[in-house]
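For clarity, chains are labelled A, B, C and D in written order, and residue numbers in each chain start from 1.
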Amino acid sequence: MTSAPSDESGPGLADRFSRVRRATVDLTEPLSAEDFVVQSMPDASPAKWHLAHTTWFFETFVLTPHVPSYEVFDEAWGFLFNSYYESVGPRQPRPQRGMLTRPRIDEVREYREVVDEAVLSALASGALDDRKALEVLELGLNHEEQHQELLLTDIQHAFSLNPLRPAYRRGVASPEGAVRTATPWIEHAGGVVGIGHTGREFSFDNERPHHHVYLEPFAMSPYRVTCGEYAEFIADGGYRRPEFWLSDGWAAVREGNWQAPLYWERHGENWMRFSLCGMVPVKPSSPVCHVSYYEADAFARWAGARLPTEAEWEVLARAEPVRGEFAEEGSLVPSVERSPGFFGRAWTWTKSPYVEYPGFRAGPGALGEYNGKFMVNQLVLRGGSCFSPRRHLRTTYRNFFPPWARWQVSGIRLARDTRTG
Amino acid sequence: MTSAPSDESGPGLADRFSRVRRATVDLTEPLSAEDFVVQSMPDASPAKWHLAHTTWFFETFVLTPHVPSYEVFDEAWGFLFNSYYESVGPRQPRPQRGMLTRPRIDEVREYREVVDEAVLSALASGALDDRKALEVLELGLNHEEQHQELLLTDIQHAFSLNPLRPAYRRGVASPEGAVRTATPWIEHAGGVVGIGHTGREFSFDNERPHHHVYLEPFAMSPYRVTCGEYAEFIADGGYRRPEFWLSDGWAAVREGNWQAPLYWERHGENWMRFSLCGMVPVKPSSPVCHVSYYEADAFARWAGARLPTEAEWEVLARAEPVRGEFAEEGSLVPSVERSPGFFGRAWTWTKSPYVEYPGFRAGPGALGEYNGKFMVNQLVLRGGSCFSPRRHLRTTYRNFFPPWARWQVSGIRLARDTRTG
Amino acid sequence: MTSAPSDESGPGLADRFSRVRRATVDLTEPLSAEDFVVQSMPDASPAKWHLAHTTWFFETFVLTPHVPSYEVFDEAWGFLFNSYYESVGPRQPRPQRGMLTRPRIDEVREYREVVDEAVLSALASGALDDRKALEVLELGLNHEEQHQELLLTDIQHAFSLNPLRPAYRRGVASPEGAVRTATPWIEHAGGVVGIGHTGREFSFDNERPHHHVYLEPFAMSPYRVTCGEYAEFIADGGYRRPEFWLSDGWAAVREGNWQAPLYWERHGENWMRFSLCGMVPVKPSSPVCHVSYYEADAFARWAGARLPTEAEWEVLARAEPVRGEFAEEGSLVPSVERSPGFFGRAWTWTKSPYVEYPGFRAGPGALGEYNGKFMVNQLVLRGGSCFSPRRHLRTTYRNFFPPWARWQVSGIRLARDTRTG
Amino acid sequence: MTSAPSDESGPGLADRFSRVRRATVDLTEPLSAEDFVVQSMPDASPAKWHLAHTTWFFETFVLTPHVPSYEVFDEAWGFLFNSYYESVGPRQPRPQRGMLTRPRIDEVREYREVVDEAVLSALASGALDDRKALEVLELGLNHEEQHQELLLTDIQHAFSLNPLRPAYRRGVASPEGAVRTATPWIEHAGGVVGIGHTGREFSFDNERPHHHVYLEPFAMSPYRVTCGEYAEFIADGGYRRPEFWLSDGWAAVREGNWQAPLYWERHGENWMRFSLCGMVPVKPSSPVCHVSYYEADAFARWAGARLPTEAEWEVLARAEPVRGEFAEEGSLVPSVERSPGFFGRAWTWTKSPYVEYPGFRAGPGALGEYNGKFMVNQLVLRGGSCFSPRRHLRTTYRNFFPPWARWQVSGIRLARDTRTG
């Protein structure tokens, strides 16, 4: 839940609300009606469900409690489009979301319009002018931005299972270009540092409170690991040598018959990859992505390095502005990086399990379920990707997925200990 | 495969072809684009797949071998819409049919139009004027009629998983009306009888050859078991008393937590059932359906009777014309029967495992896979249902499903031994 | 259940009882205490369980109802050693039988002694001198003989999973010897024939009643299919060519990665097989066994033949005495056959689903569960094997297993239609 | 792997070796031969396997590399008794360990004797007098002590699945006695602290290196949570209220139908628990155990507290000697605690995911696989239990299990934040 009110209000907030809501719909422009309904695995959701669930969020947590005159669009839909808020009532089982051919996509679009209009009109009338209401509205917008990224990763996964390999759309061309220069790793002397969110701007509850951690001296690569580097790992037998792998990772390799990142296919001598632009060549200088934590960890061990912790990442990343290849660029595949950077292109796995920060307090009620209850069996990723809305990211932002997950735009950054002893 | 050529040819056949093909499309009229794509279980198929697969059949087995000028609509689609013809090449895994959001439904409709036009034009030009081509065309039409029934049962199953319980369409009203009169069971003295198809009209290969079987004396009910009778079985603890059940059936009851036929729900004191018309009351005098073989067998044991064999059914049914409540009636739920009858309304399980008749020979090539390779682990059903096209049925017609299957319009008819010993 | 009383009584019956009971214990002589407890798959049972369950049968169905003074050995054991008699009460879940390290094997042996003594003393005192008691005792002895064969097949399966490949014991040597002579297939003109058990001697309920069936003309091989013939099928791509297989069979081949009969392993150019004598060479002239129905059916199709029905088998087999290689020979692998024969060596799959005979009636009470409730999803095997006690077999004897089962001594005999027409 | 050589050598080490090895065998004294073979779930191992695997460890890592004259007892056993050392070669699949009825327990005992004699004779002859050999020997002894605890927890689990509920042996009586006094929670001011192992004594590699962490101020209970307190959680609907649970934990509750700790059963008004002493009453003042991390975490949330981190636990625990109820006491159930304490009785879950310490380095070769490759998807437990050998524990000792694991003697200790602000 938000720990601070939004600074925006009135017209500024209404404008931002409209822009975020429209951006979600814009993402679905290339989809056929059939594309909206498919659920390719229990962890993914249909595009239609993303559209409806984000709307249900505003209806349930903004309109219903704060706008007495608002009438729920359809009582039955609460069951369908609640994701995991146990306190709000029962819900459609997650693996059954793909059964929802009804309501139709045009009905869901109407739902969005009705709710949008009600929110905008409530904003205009001042009905949401209390700190609590604005906080939840801001949370709803950030929640919607998360689902924008998930909508893309879920569509990519669904399309990948269709032998026709459909393209979502043509990506913005990104030339392979000059190889990046050899930049030395960034050094940090260690000691007590502070991490986590401060200030009045929005953050998720899991980024707070700001607190101290002790770091040993370390160094970190200014770049993400590239596809070319990863291909060397593969060529060196990376997927056949248990010595590089965590025990659970090795089990995943064998069960899933993993031989390369998700979506990679060998075509003769070359690697191709399925993407939202269809099958495209793997560019050696672009950041590797669609790897699991297990693969990231094994690659690091093979490379004689390790993954960074999230605190290490954060203390280095905050020296930089939040700038990089985000969704707004329209590149549907992480493109070649020509200069160092911590943000955008591809999330990078950290070696930090996703746990609460010392002093963490989940909010009351249903929204308190937002982040805290997922704090086990997952690892933190940092930095955002070329699927993330630019405005959504922050230096303190914590993304998290289970170690076997590969369908996100998840890549690798290396670190190492530098304590001499 | 067909064992005999069709009697129709030229204009008559073209007309029949057009009517059958149109009937399939007509069935999908109430569906939204999203409804076409969903696959609710591995045993069911999406409506779009039914439309495309039946078309692929004509393209692959009629046009390609017999019309040299025909160009395949899209080479890639063969992989998608082949069902189980191993000899024709690899195919989309059955449980993954629901991933096919592309080709879109309008593309599939275009596919149908192109193939239909090519077939009609080949018929007109005489290009199909050989016995073999006409046989395959006739087989394709019968195949299409089978998929018309499956399309309906699959849609009903998919809709049943949607908590909104959408209705496919309103059924034709069928009043509960007067209870049927007490008619004595039909007696048969037994002895050597002949069953199976004879003559030159079309039949599937599994209905041939005509052959002899020896029957002990038996009697059979002129009616199907009603919902009211089945409700008594339930009320008597039928689903809690192992003594009525086959061992595998009892396991299915416990694993599936079966407490009534599929789609039945208790609402207070009453039974309701989900149907293509949405939730409707269970009518006590209408035939029970959506029961598995296990349930049919257990009911029969509870009732002190047994299920008939398929031979017993056939020797009695052939005294009657093939007349009853078929798809053309528009009743989407079997309606009350006021007079005895063997055809339509609801298929009835026989106790006969689905095996080949003595002397059975599967045809050569891919079409030889049509029926023979499913002759294990299934039971024969007879008589057709209110979802079956009228013209599709014959006295010798053998339908077959595994003993646990419940999503077909499958009901019960009782028989008993009358040998006094 | 038995349909007829045993002819034996008094001393003769006591003697037979002692011999059968001792034979079971003798079979376990080569086993270590640990061997008694293991359950290698849900369909198999531990040797200790076989010893105890057969004893529980006599205690529950003979002693408790007929010997008022008998006190149950241990009330708690009923739960452990009941197999599937739902009417007798709850029971240890089948897949959990391997958890029963207690009672110890010496306690189970004591259980057997106590029950044996009680039965013998009841026999001597005349307490069992009524038709019903003697019938159940006879049934118990036949039940025990069934478990003797299962005990061996289950131990073989358990040992096969141990990489040490232990031998149960050395088999009686059986030289490869001269190849059998080319004997013509046996012809039968068809027509109405009677099958099933008649007379007052013991039979299982599933062998009755005697009844008529109509057969088309057929021919049957006087020999079982040999390992050499089966190896040709393998060499001809039998396990890679779907055209020979039932659809469910082909699925089993792919899921189980079947490439040969169970227990066969390729060692360089040769086939070896795991047996109760450890790893031994496959003898080309000995009958193939440890094949599923799916494999038997596919082999027959490859060979241009088919499997016989059980009625066809029975009408030919009854021309012969029940003579062949049974358990008493001590050969733990079916040996080369030098003359035609229907009995012993290896069961042969028929193409007949296991169903009740016309007029079948299961007995009342728990013993009525003996056979009838398994009459679905299984196929009939005929003839007995080198693991079957000689006295246990009859011409009308029906064994049955699901089509995927391979751990029994199950082989193949071919037939074909001879109607010209 | 060990990071430091043992201080013991020569006679002292030989003596310790003999004592540890004998202690393992002594633990199996109450077992029947059958008890040795059973594997109750994939995560558990048969007692015989524990005996053989620990012996294989000495044979493989001590004798083979350091005693040239040693001949491997049986080459085939390496495959059977390797646990997870991928570098050493293939191995029996973990879930199949229960199939190993052979080698027999007497053969495994002989194996132990042969290896023990060889090690003792090597020690006496000075063949192991190099730092590396002694390190591995010391590691082998600590490894054996771990398996002593696992042997007991695995036997308890296996016996729990036997409806006879056998007792392993009678426990030492431990009276319920006086309730503990109300002792205030221990406060800690936070700041930078050092944790991890220092010095030359043995530790596992995962306890090193000593390093700094920053702690916020916190308080911790001096006692473990009792069964009485846990029963209040249950009575308050703890297992029915999702608000207390992590999302994965709530899924585990529903899938496993958890309603109490593992082994607890309600008998009328009272709770009983299965233990190595058979069914015994739950003593309200004794520490709760056999709870998963999910349950520990939910209990803490219900109690308005949280679990401690492992660093918090370690900085408080090191103020105390390693003293408590360990295996040597012979109490087979954690007994009532009358005074505060951090060690023995029941392990307590920490909220710390099991990860490597900063600067961690796994050793080279197969032994480097000992700990590091399990550092994902597990949580740290601290303090030891009444099943742990006393000598095995240290303040820095880290045990680890997945969050769903319940068959260990795993309990709960509460902590809370005390930062005001």
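The criterion applied here is as follows: a contact is a pair of C-beta atoms (placed from the backbone, for glycine too) under 8 Å apart; a residue touches a chain by one contact, two chains touch by 3 or more.
As the structure is a prediction and not an experimental result, all values here were calculated from the model.
**Student:** Please give the intersection of the contact partners of chain C with those of chain D.
**Tutor:** Neighbours common to chain C and chain D are absent.
**Student:** Could you give the separation in Å between the centres of chain A and chain B, each centre being the mean of its C-alpha atoms?
**Tutor:** Whole-Å distance between the two chain centres: 47.
**Student:** Roughly how many whole angstrom separate the Cα centroids of chain B and chain D?
**Tutor:** From the centre of chain B to the centre of chain D is 59 Å.
**Student:** Just the number, please: Cα centre separation of chain A and chain D in whole Å.
**Tutor:** From the centre of chain A to the centre of chain D is 37 Å.
**Student:** For chain C, give me the residues that contact two or more of the other chains.
**Tutor:** Residues: none.
**Student:** Chain adjacency by touch: line, ring, star, complete or other shape?
**Tutor:** Basically the chains close up into a ring.
**Student:** Every pair of chains that touch: which are they?
**Tutor:** Chain-chain contacts present: A-B, A-D, B-C, C-D.
**Student:** Residues of chain A touching chain B in their complex?
**Tutor:** Against chain B, chain A makes touches at 32-38, 40, 48, 76, 79-80, 92, 96, 98-105, 158-159, 161-164, 166.
**Student:** Taking the touch rule as given, give the residues of chain B at its contact with chain C in the complex, in rising order.
**Tutor:** 84, 86-87, 192, 211-216, 242-243, 245-250, 293-294, 297, 351-353, 355, 358-359, 369, 373-377, 403, 417, 419, 421
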